[in-house]
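Listed after this line are the structures, all set down as structure tokens.
Here chain A shows up in two complexes: once beside chain B, once beside chain C.
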Partner chain A sequence: MSNFAATPADAGTDVQFPTSNVDVPLPWLAQVWKQSISQRAARFGLAWISVVAFCAIFAPLLANSFPIAIKMNGRWSSPFLHQLTATDVTLPILTLLCGILCFVRRIGFLSKIYTMLIATVIVGSLAFIFIRPPNTPRETYRLLERAGRLQSVVRTPIPYTFDDRLYDQFSADHPHPWAPSHDHWMGTEKFGADITSQMIYACRIAMAIGFISTGISVLIGIVFGGLMGYFVGIVDLLGMRVIEIVGAIPTIYLLLIFVAAFPDYRSIYLIMAIIGLTSWTGDARFVRAEFLKLRNQEFVHAAIAAGLPLRSVLFKHLLPNALAPLLVSASFGIAGAILSESTLSFLGLGIPVGDASWGALLNEAVSAGGGFIWWLATYPGLAIFLTVLSYNFIGEAVRDALDPKLRERS
Partner chain B sequence: MPDPLLQISDLNVAFETARGLIRPVRDVSLSIYPGQTVAVVGESGCGKSVTAMSILRLLPSPPSKVLSGSIMFAGRDLVTVPENQMQKIRGKEIAMIFQEPMTSLNPVYSIGDQIAEAVVLHQHVGSREGLRIAEQSLRDVGIADAHRRLREYPHEMSGGMRQRIMIAMALSCKPKLLIADEPTTALDVTIQAQILELLRKVQQQTGMSIMLITHDLGVVAENADVVAVMYASRIVETATVEELFDRPQHPYTQGLFRSIPKFGVTSKRLETIPGTVPNPTKFPPGCKFHTRCDRLNGDPLCSTVEPLLREVSPGHWASCHHAEHFAESPVTVPQLQHKREDYIPLATEVQA
Partner chain C sequence: MLNYIIRRLLLMIPTIIGITLLVFLVMAMSPGGLTAGIRGQEGNMRPDQRKKIEEYYKKRYGLDQPLYRQYLRWLNHVLPFGAKEAGEGFPRKWPVGLKSPDLGESLMRHRPVIDVVAEALPVTILLNLITVPVIYAISITAGIYAARRRGNSFDVAWGTTSLALWSIPTMWAGVMFLGLFANRDVINIFPASGLHDTLAEQMRFLPSWPGGVFARGWLLDFAWHLTLPIICLTYGGFAFMSKLMRASVLENLSADFARTARAKGLTDRAVLFRHVLSNSVLPLITVAAGILPGLLGGSLIVESIFSINGMGRLMIDAIFQKDRELVMSEAFVIGIVSLVSLLVADLCYAAADPRVTYE
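Let's look at the complex of A and B:
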């Protein structure tokens, strides 16, 4: 019987497997990516999110009361650089690092994520410790320019920071809010801040609330659901009961109660934490279901049989295979978190007064002076609508790409 | 006589299910000596895979539970060693390859990463050295262009290639025992022959022992030194491969041999063993095989007293009341230190 068998070495060279051929299927996640991005809606969603992300990262370059460069007394200087806050510095650095990591091929995906997390903590804390911009009045350079002290000025496209209340342009005859005009494309709010600038800086809150609260919920969901799905039995039974209890807590009411009960502790991070801590149940269910399905696959047995520790089996072998449905849940989660924050801010219970947020702008649309101010409602409302829609489009596209029945049809 | 590498004694494994206790492994005793290939043969559900899985403690617990017995491996009882020691044994000293090569590799990691992970873990080397060892073990299993294959993903490979990779992964840490759970069942015949030959070649080079689980008697005839036949969660017969093939004693083994098509003999229908495997929740009393047995059917002894393995002739254990000399034979633990010499030479040797 063994005589007709070619030697293993021969077999390896005789049988050539196509490698660079089109017939070779892409890795699964790459397939999902290709499938979802081929949908027009998902492309639109991704484009809009990119715009929002760009505004969030480079907000000080887009809208700033301090000029990028000035020539005063014959010397060039950059007031803009002196006025950068810790957030302004941290975000571009991390974006740059993220971009570099994307192109580095030698490091594994998980190590890249760890690197990113560690870098975020280090850069963030260093920036918050060392960068303390002076509290220069926002109108300083406008006044200098008007006084003719500046020989030349290079300004950002929108020459107002979000908290610049235009004290130099105050006039009792023409009180704020101002309607959109040539100087203020989207008008001003009741304290005189430029809405275009506020809209741009509010992208940060929108991005942060979405990603941080969803990050928290995904993290809890992975650990909780993963343990339940892997250990089954009593762990699963108890875990499921906890999920049911937590799932019964209405997030928005909890937020309302919390903000009303502790008005002194009102902060955006608290809102993120509460949203994250109450919305992980869906993620946990997804991960549990995936782990239940995967734990009896032979590659999991093989991983255990190879003597790999539980940590590696759970997070290196099971988790990446369970990630795809989580992506769907996460993108809907981000949309939900943005809506929650907007709702809270609209009710006047959201972020602290003075920070820019789409929801807070919406709030002013009705509260200022009793009337309805259309430009304070339209632009932030549109932004919230488009952002939530985009995340939903992306989530839906990923879900369709994951669904084999839909894939066959397309 | 040297000590066996692996000695399973009176192993009993049970599953606690809603329908009651299922006992897929009952009083199984098996010894594997260094360099030996022991085949465990039996039909689906007879407990052969469960036996193999309990060696590495891969069965989910609950529902599974070892009721009694011991699995001695290199001086340690694998039933009771703590989990952290078990992790060091898995993959390093005992490796396992699985039936289904299409699903036994993780789809999200490249071949190199998967092999190297265990190598780095067990041999305490850096990741670059781990990849080098992985590449070498790919070459050892006859994969051409191993360096490039390291960076490829499982979906880019055929079934035979994947099974080779599984073997490479299992062999990368130079285990003393390889458990091969139906390694060729999912492959077509030519690939099957290549894989079996590969296993035999590796065994010649490294002197490891192989526990070969299969239901294919052809595979057994070609590769095993010692055979254990399992039926309804017990070993019903064990002997050296020559002895078993020449003089099968148990009616189940005999039935298995009769149901192999014979070369040159034309018959309308292939012979089969009548009936089906009894439901593990309600095994018949007495001999588990008596409901399907064609030998002296109706003997009250068969349906009341369960026969235990007895050494019916030197080096041949069987559990049938009607085997030759069964009544006067002693009940002993089967230990067969046999290494056959009449191997069909490897194709490589023929060419040389």
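Let's look at the complex of A and C:
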């Protein structure tokens, strides 16, 4: 492992994959990717995450109370377009951009990432400033259709938005939650929202929580662990104490304490930040260990001797060589972040009431007062389980690909 | 060894102080002030009454003082020595001296925190003390079994199952167990909440047959209540550990010393159980330090699902009520518990492996 991580150029000789017609070895990350993806479990994981990502990006096209197209008074219109929120618009645009960037060969990997980040900020802020959907009652078009005012309607596969509480279908003798039926494939929750729709919209929170909070924790881990590993001595000693302090309290307790410090209305971004702030210790340990190993290598000495600034030595020369264990810890970290969010929501301390989250749905399965509501327990739980399992599968595969010794053994 | 233990114990002090400081700062950031929780109880009081009672509470819990003094006040409570405060009886008229450490008073329950914690801590520790041996027993057995039949159907099935088990969220498992096996409408074979039956105090300790009718007794009642929570706490751990055990048995089976033992004419069983096993358990002891915080966290969820009054449930209550004294003491106690268990794990490692010395 030590030699392996230190000299990535040599690693190519260890790693073998079936279809190598080319003599030039692939870039190292590409090798790892190919190696991990060749495993069935990792492929399953990637497939499930693609499904979740698809649901997250195209949620309004999959489940929406507003029809895609209607014909009223002889004219076609699209109520769906007027009701798109900023998130609904931002996500597909960014996905499209990401897709285009993947096929552009000229730009380097890092610049692609920078482009994506800048685009995210610009598109996101523009969308949030300019797009303000009117607060039309969700049942409007159902009522119009029932009244026979619409000549034809094109609906999404699931004709309910996640916050559509079916006020028009309320009946006192048949209170919510309803069991799964032909109209509501996964039933409804206690306020009357359709669970299928909630599950689809919750994919957004799962994806966002996973990536953003892991991003935060990895970033903190890199800076913290990198400085510790590079400067050793007193910085390392103090840093290790801080890691010990944060690491000594079980993560869930730490999360609860941080959550308690904020008002009762907690936005999803706050939860992301909190999860990121409480889970960086593992990443910092990994980066520190790698930097400690690498700092006496010749290429680092050469970089220092060449008079490169500290920033360059740390992030351009040391970091790329220390990325390997970070990759593994990040993919397990995503699984952990999703679990943390659902746990917090399950305990009633997570995202605000009304937002869709798998954990919050699971919470309702037992807390609604009507005993055990199986459809509220089964589907969200299964979704959390599959997502966490997928990221764990991918993490395992990447780790096996990175560590040839481990691969031979099992 | 004693040197090492003392050094580790001393190193814990700054860590513990750091933990409490961190928690204190986070709690101090809480908007609405710390009296927000107290204010909720006041109900329909006249404004002047309300003001008076708020001032009373502020004074009583030292909330009117600057932050650093509040923190020092809390530290003063916890330490076995320190400055005298109103209501504390020191032996003589000294301003500073030895005293019995206490954890302050709960802002919402108006009870000494130490009493509240003393009720909850044994429950959590008991849950974890039962969980750890169960995890080890299952993972060592399964790991050996899988390694001996490497590549056969059990091995493959166990490998996949354990990764799947590892990914099942504890809360989902808990909710499903509760809903399927402790539900009057589905299968009602396990109790839904608590650690004891309401009548447990009147039971005999062991099962008995008074008048030909089976009475399960205190012990069996306890075990019956513990079954589902313990399953929820263990499955993740043994899934992870048995994988580790399998890998380490495989590694040791192909090591030089195992080959020597086989060349000496020992049977496979003797090689495995005399030589390989003791070496293979070492990594399991190393990771014990890593899974303990996870176990404590897991018991929080399990306690909340099965309504067990342990530290986790207490913490959730304290958070909901913004009870600062309780939250800080919880963090303090949990921090100590996890640091001590990490130390114990390290010592076990040294005890199991004679090559490891901490000098």
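The rule is simple: the second predicted complex is superposed on the first by the 363 of 410 C-alpha atoms of A that agree within 3 Å, B and C clash if a C-alpha of one lies under 4 Å from a C-alpha of the other, contacts with A are read in each partner's own complex, and residues count from 1 in each chain.
Criterion: contacts are C-beta pairs under 8 Å (C-beta built on N, C-alpha and C of every residue); 3 or more make two chains touch, one makes a residue touch a chain.
Just so we're clear, the structure is a prediction, and the values are computed from it rather than from any experiment.
S.K.: Applying the document's definition of touch, where does A:L256 land relative to chain B and chain C: first, second, both, or neither?
M.R.: second
S.K.: In the overlaid three-chain picture, which partner chain does A:Y114 touch, first (chain B) or second (chain C), both, or neither?
M.R.: After superposing on A, A:Y114 lies clear of both chain B and chain C.
S.K.: Under the stated touch criterion, which partner chain does A:N321 make contact with: chain B (first), chain C (second), both, or neither?
M.R.: first
S.K.: Contacts for A:G307 in the overlay, against chain B (first) and chain C (second): which applies, first, second, both or neither?
M.R.: First partner only, chain B.
S.K.: Based on the superposed arrangement, let me know which partner A:W76 touches: chain B (first), chain C (second), both, or neither?
M.R.: Once the two structures are laid over each other on A, A:W76 reaches no partner at all.
S.K.: Kindly classify A:R241 by the partners it touches after superposition: chain B alone (first), chain C alone (second), both, or neither?
M.R.: In the superposition, A:R241 contacts chain C only.
S.K.: Mind sorting out which residues of chain A both chain B and chain C touch, each in its own complex?
M.R.: none
S.K.: Flag every residue of chain A that touches chain C in the complex, lowest number first.
M.R.: The contact residues of chain A facing chain C are 41, 241-242, 244-253, 256-263, 335, 339, 342-343, 346-349, 359, 362, 365-366, 371-372, 374, 377-378, 381-382, 384-385, 388-389, 392-393, 396, 406, 409-410.
S.K.: Quick check: in the complex, which residue numbers of chain B touch chain A?
M.R.: Of all residues in chain B, those touching chain A are 56, 58, 60, 62, 87-92, 95-96, 98-100, 103-109, 113, 117-118, 121-122, 141-145, 148, 152-153, 155-158, 160-161, 164, 166, 169-170, 190, 193-194, 196-198, 201, 218, 222, 344, 346-348, 350-351.
S.K.: Across the complex, what residues on chain C touch chain A?
M.R.: Of all residues in chain C, those touching chain A are 14-15, 18-19, 22-23, 26-27, 29-32, 160, 163-164, 166-169, 171-172, 175-176, 178-180, 183-186, 246-247, 250-251, 293-294, 296-297, 300-301, 304-305, 315-316, 318-320, 322, 327, 330-331, 334-335, 338-339, 342.
S.K.: Show me the residue ranges of chain A that touch chain B in the complex, using the header's touch definition.
M.R.: It comes out as residues 1-9, 11-13, 15, 17, 19, 24-25, 27-29, 108, 232-233, 295, 297-299, 301-309, 312, 316-317, 320-321.
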